[in-house]
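The first chain written gets the first letter, and so on, giving A, B, C and D; residue counts start at 1 in each chain.
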């Protein structure tokens, strides 16, 4: 197979490498000419045999939309565009419609695997028509982890189902990480166990909670005991928010995943207004002491 | 009525004042001789007519227990001790038993009202035998807010029921304050309304959320716009914890009150280990950036 | 003042009545001719003096949008439309723009007060230009509760700020109700207090948690002891969802209000898939017993 | 090694089998003579060489305490008792003290592995003195999974540290399961993916959320599509409650694990009083419809 790949950053660059290692010809384009195989998207499309398959791996939102619009003008009936970025699933229908008028198929593909995917393979969750997916299948097979059929790749449903599945995957990830994190903090604070890292490490086999995330947490603790080098500050990249919003849309109770999301928000607040309000009310009714507010010049 | 009152701090001192204003004779004892009417607990008991009623208003835990034990040795059959402090309801049975062997009755009384109680009256929730409560009733009537029977005072049930009711009251208080606080923070951050204090003030009549706690929040905001002088740091004094523990004992889902409790815990953490763990896992699987840990010399 | 009012259902009908009682001339229109004062929206607009003010009180969404569009075609520069319904604040900008092209002003107004508003007055939170609001002010003054300026009415900010404020008000309402509800359930289940209604009633004065919602809960319990006639099933009408979504948009931790929302969702689930999954996992790893699934024919 | 093992139920019976397979001589006692190797605890102790090691695997609470007390009277200085049951870590100190007066050592050991332990090995978390643990080590080595030292077994700290670690392990387990369960429910309800089981199955390799619990969930779904045979009803066995209580004791925010616990409580409520209260308040202020309460004769 000969695949076009747009976006050769940390993720796209590794994917190009894995595809090539496993026998897929890749023509890659990136705005950075040092990374790019061709000078333009137009040149990339021209280099591909028909039916042409172009995989888009650029930031979600405007960049993805602009790339898809540009591809619509360059590709032909029977070709396929894959959006492998972190697009919100609610964007997929519009992406598909923008291509449909050119007869071009659209597949949305959630990609999991992070920096480990190059060697271990990427888990792929795809949405779209079976015909379109069939045209991309050799690339999917090269990217996914080796092993049993049925794991590491799924055709989840129609357009949008891939990104929706990936979004839920990430939402679950928030909740699972928060559960380990809460347990870790309790072990640290309760002062009952002598070496928290050793306890967590012992859980890596034979227990109910063994998992890859636990492996990673232990690895981080072994590299940096007590995680002294890492602040208690956690960013979020959108998919946790979308998962909770989708839960709200469908009246699904989602307290644990929402708790994980809110814990990240709270970790980024230096002087939370809500807790100022709680302290103020306590002070008003009970004369309870408050801590002085931070002087406005304090940079933190 | 002539009441003995032990503990004349911020709360007990105001209660003595309100009792006297409303016609109850009070002999008060405090370890601080400047506050005390008598030199000792023994002198206090001796000063009272039979049946003697002594109200204990000292810190929960060891101090309350020691006072009750001392009173048991000084009082006689038919007398009554009231514990009006913030004892955990699970202590009340032991308090009652320590007095029963002397024939002394025991009433537990949760007291709400804070610094406003002197003028507005204290809401009282009592547990114990009807006979014992009857002996204290003139004091209850002097302390409680004026107005309809049935509000401001309740005989909630047997020994323990008073403190249990007060504990649940305080647990509810945590949840109600957290709800206002979350809404306040959203108003502050969303930048849709021009003057958050005015919006909250407008809610003080006619709305579904009008309440005394809202009145207090508005008052705090009027005194200190933006609550700039108050840090986003909230203490807790035990009753929220006990409420959640009681809920766990009875398999009662208590997500909102527990959320309020956890938000206070989180407000007091400078560098939460749980969020260090989340950041570490994100970094391990996705190469996501972390913030550098705080240098150990930083005092905050 | 002479106001046009569209929508004379439970809420709008009461508002017409209160406006008239307090000296505002009202011409009302409703699709139901038995309720309506005129035969059409066109007739309603024609009946008003300039500058004409029309208050729209119809269901949020399509009905409100259609009414606003119709009014845009009938009204003139300097006139004002008020949307007093439960529109999502994110719709207000579009409503305003649809009227701006006709020179017609737009005010969004969140209205609180429910069935009690007729006698007690409605709390009003408004967004829009000061000039437009001034034209409606006599109606606002008739609708709002009597009493101090500054309570019961607020000009919260630009277009959208009224509905945004009302949305946050309702989100807070979810959290406050959930806090009382959790405390109520604990009192019921712990079997410590003899009469839960009496305990709650006693809290209505002097306590920190006294509020109108508490008054209502006590009233409900007095009418129906144990709430035997009411199922443990709670609907939601959108504003709680929007509040949590707005919190997510602004990275505001909102655990208590979200817990209240999720508790309502859960109350409406008869056989929650999430808990089927938990039971299934427990069974797989530990052989823990599960309960048999409900036969599909069971109607409950 | 020759080990005494008291309690040969589902868990203890499998452990005896695994110990024997791997070369440990086991004398087992159970109240059920069909399972027991000896007629009494006394006979079991008599059968062991010194220093004697007896592993207790009976229900936590009174049964464990009674067994330990009996063993204290039968064993001698230098012997060791292991409590491998699900005791609360707060009981361990008392167990140790009851044996110390006889010179008998005490080791608490949390055991994970469930029905899979017989073949895969049991993960073991131990607390106690190093000398005592050394006497049991051959049994630990036979029970734990084969593989690297450092996984599957840990000497976590002093007496209590084993059960404390196991408790936190189980608390994490609650949170992790809840996260998968919430994601599963969203996938089921959103109707975006065609085959939820296939999506979950695809996640079993290459993804961030791969884990043994995910494997089990997929297995359950493959055996029973849609989990039709399992009710949405989840029990809890204590360790989740204790974990949240320990978090409260140490002021550790634990929102996700607490959410998991509360979701189980809610799953077992047929007509939750809290939601009756919410419905009642909504009805009072807004005239919102309620559902009729269940007739008291309904058995569900």
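By definition in this document, contacts are C-beta pairs under 8 Å (C-beta built on N, C-alpha and C of every residue); 3 or more make two chains touch, one makes a residue touch a chain.
Not measured: the values here are computed from a predicted model.
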item: Contact-richer chain pair [C-D vs A-C]; value: C-D
item: Type of chain A:chain D copy interface by residue overlap (half), same or different; value: same
item: Chain at maximum distance from chain C, centres defined as averaged CA atoms; value: D
item: Between chain A and chain D, centroid-to-centroid distance (C-alpha), Å; value: 33
item: Centre-to-centre distance between chain D and chain C (centres being mean Cα positions), rounded to whole Å; value: 46
item: Averaged-CA centre spacing for the pair chain C and chain A, given as whole angstrom; value: 37
item: Residues of chain C touching at least two other chains; value: 114, 178, 180, 182, 185, 189, 208, 212-213, 249, 251-255, 259-260, 262-263, 266, 269, 272, 274, 285-286
item: Graph class of chain-chain contacts, one of line, ring, star, complete, other; value: complete
item: Footprint of chain B on chain C - complex, ascending; value: 89, 112-114, 117, 120-125, 144-145, 147-148, 150-154, 156-158, 160-161, 164-165, 168-176, 178-180, 182-183, 185-187, 189-190, 192-195, 198-199, 201-214, 243, 246-247, 249-257, 259-260, 262-263
item: Contact set on chain B toward chain D in their complex; value: 208, 236, 241, 244-245, 248-249, 251-255, 258-259, 261-263, 265-266, 268-269, 272, 274, 285-286
item: Chain D - residues contacting chain C, complex; value: 10, 114-116, 177-178, 180-182, 184-185, 188-189, 212-213, 216-217, 219-221, 224, 227-235, 237, 255, 259-260, 263-264, 266-267, 269-294, 296, 300
